[in-house]
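Note that the chains take the letters A, B and C in the order they are written out, and that residue 1 is the start of every chain.
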């Protein structure tokens, strides 16, 4: 069975990617199970999607714990434990990261023994750039080696049918490009075996202790703990203030930042909290002095 | 404008400069609802307990993270005002019996999206106003059931595309007049606001804060995800909602409705509509002149009534 | 202390009054309405310091109850049947606030068809909700159980809301002698409300009832609630002892009547259990070794105590005044689950469905149920479940049906 996981953020097309790959396998004659996993609808929130494909009926369900292939659409998710990108990776798992950085940099950073590839990310950014689902699905199709280009094309058309001819043809081009790019590694991803029952470790079950009601209630006995969540990791563009042009106009940017991520210092200059700024760029659009500019995140060091 | 307004907030520079609502919430980048809430919270302060109805903002408090420096209680979709009733009554009982001191009291604020406020929440809201419940009700109106993917709600405007109205004409219904429904109950105060007019919003929150009884506020909340536009356009779109007259800024108090902003020369509604993907079908592949004219006419009629002193 | 002839509804109201309930969110529904009318009368007359607010629906009512309890006051409310079901979203939600309060349910059969008369489908629909459940057989027990429920729910080791059930009509509107204790005696048993850390006030921010993402965390909160409910078994026993010491009346989690040496026992909850006691006495006079086992506490489920009570018995006639559609009697299924695989348990659990919508269970029906169960023990096989319904009743039903379908029948001829 092929067990494949996609990781990305809402809006990047991970659900579409899993559907395209799933359909491609299906058209190729495989039994398939594909699904996305996310919480409430949110652009920017981490999601994952998965595809299982096999010649026989698939009985497994849910989260893939031993992937043959892990695909990451947004490389800022890799260091985030909550995103679970590296969960269950073994020496035979192929890791494909959509990134502006090189495979060598990533191999070094992650200290990973298994195969690691990148799908190069463009330097420019914007809404169109964020949607990389089709390209990644196509890359995956080539890496497993058993999906023809014809099946892939048909899958793309099937899954994007409602979006109009222009969008579909644009995606077909992206798919072909990614499919070709992965040609040297065709078949690098192989089907994994199900682990024998005897080979599994016994689960470490505990008796849940009865805790006091105030600890065991779904209540947060503190204020503003949300500051620990670094929503700054959502950004692809960061707003940068040119303090030469800023005229401290009663801090419009701070007022119009929905996320309380712009504070005003003692000298009445605004300061952007990059740990939390989501990169909506309202401040860029609203600054009366045009003193704030959007700068691509990848060209700066990650915080 | 009404008689001389006594307010702390005359200009942008009078607005609070510190941000009370914590950052790091999972709302979409550019959320017009969060913008209104953080502006209101700056003025309402941390001696508040927000009682929430199911909607996007329910995700503000996800264990163990909360952005509130005050308190919060999640209830259900339909019954947040009833939750507010319980909290307010319990605080009053404890105050009366000396179990809490006056400076420990909290303002009770219902926080609800349009999905709850315009629909199933009407039952409990009606009951609360009828009781003269002393609370503030803040509705962030993004004109659809946004948290579940922008299905049409009773607040969806005519012609908008939603995930349950995908045809060429968009949503066939008309936006319910929640302001009128609330005002018909004769509560202490009703107002419409928008975060893109922060001084107007601040004055109204300040006024609401100083009154007793049921005080209900609707904040039109431009929604990048649901209305389909780039997040950085949130403020511009909000401004256009007011400039075109599609979102009237007004107050109800003591039987009278007063508009706090009457756009002198309204921009054509198209300027507002064409910026949003949810109205794209009114312009592409062909201009839907009939629908645009219909929308314009409704807006014109509304302001004609205002001018005639009937609204 | 006074001994007076009062209805079950009045007894519930007295329970709330003596417990010093501070807040009563209310909504009327038959057969519960007298409870809130009685409380309203006392409050208006200045006899009870309490705030009563009528909400516009039971869903709102339970929301207000949970919210007020979470803010820090002692809350009481009451409902029945369709009202309980209308509130069901919040009946499941408020136990998770871990703020205790007491809700009285006056049981009434559920629609469809509509009825005003009692059975237990309404209260049993709440059995998975997280509310503790106490079931009463007499008007005295109603008053006493309300006090016990507050003491139990508010215990530091529990902190869960509790539901006290009494049967509509047979208790709600029926007067029986009830000892009404003095407030001072009650104060000696039930201390003033202590919100502990579940409260709202300035200076201590708290976000209650929040969202959680991830099965790992959700499982924790839910199972902790269950563990606390189970802990209530131990706490209940302590509270029952304290109550007995203070008031001289003993309410074990499971009532047993002449069951020590019984071979066959009736097993049921609610007010009809006194009819079962009567049947037990008659059968004993006739030389049969019969008894009654009646759970008072249904949530938490007193499995261990039930096993001890039933150990060595030959057969149990489980009488369910409820019906789980497509499955059968709820008490029967839950009892079977508690006994299965345990040594020394009765080999025969016979299921009887009776009393739906207030239908009487006649003395001869109790005798027949005992006989059927005895026969089953002798034959070594459990009979299929039986609805208590006579040929005469069926004839009556057919007569009404004929009227209801008369036109159609005419047309067919």
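Criterion: a residue touches a chain if its C-beta (ideal position, glycine included) is under 8 Å from a C-beta of that chain, and two chains touch if they have at least 3 such contacts.
Worth saying up front: this structure is predicted, and the values here are computed from it rather than measured.
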Central subunit by CA centre of mass proxy: B
Comparison of A-C and B-C (more C-beta pairs in contact): B-C
Farthest-lying chain, centroid of Cα atoms versus that of chain A: C
Distance between chain centroids, defined by C-alpha means - chain A, chain B (Å): 33
Separation of mean Cα positions, chain C and chain B [Å, integer]: 44
Chain A and chain C: spacing of chain centres that average the CA atoms, whole Å: 51
Chain C, residues touching no fewer than two other chains: 205-210, 212-213
Residue list for chain B, restricted to those that touch at least two other chains: 46, 59, 61, 63, 66, 68-70
Contacts with two or more other chains, residues of chain A listed in rising order: 39, 218, 220, 222-223
Interfacial residue positions of chain B with respect to chain C in the complex: 46-47, 49, 51, 58-59, 61-63, 66, 68-76, 78-87, 89-94, 97, 99-100, 103-106, 123-124, 126-127, 130-131
Complex contacts: residues of chain A adjacent to chain B: 39-45, 127, 218, 220, 222-231, 234, 249-252, 254-264, 268, 273, 276, 278-282, 284-286
Parts of chain C lying in touch with chain A, wherever the complex brings them together: 96-98, 156-159, 196-198, 204-210, 212-213, 220-221, 223-225, 227-228, 231
Contacting residues of chain B [partner chain A, same complex]: 11-13, 15, 17-32, 34-35, 38-39, 46, 56, 59-61, 63-70, 146-150, 195-196, 198, 224-225, 230-236
In the complex with chain C, residue positions of chain A that touch it: 39, 208, 210-214, 216-223
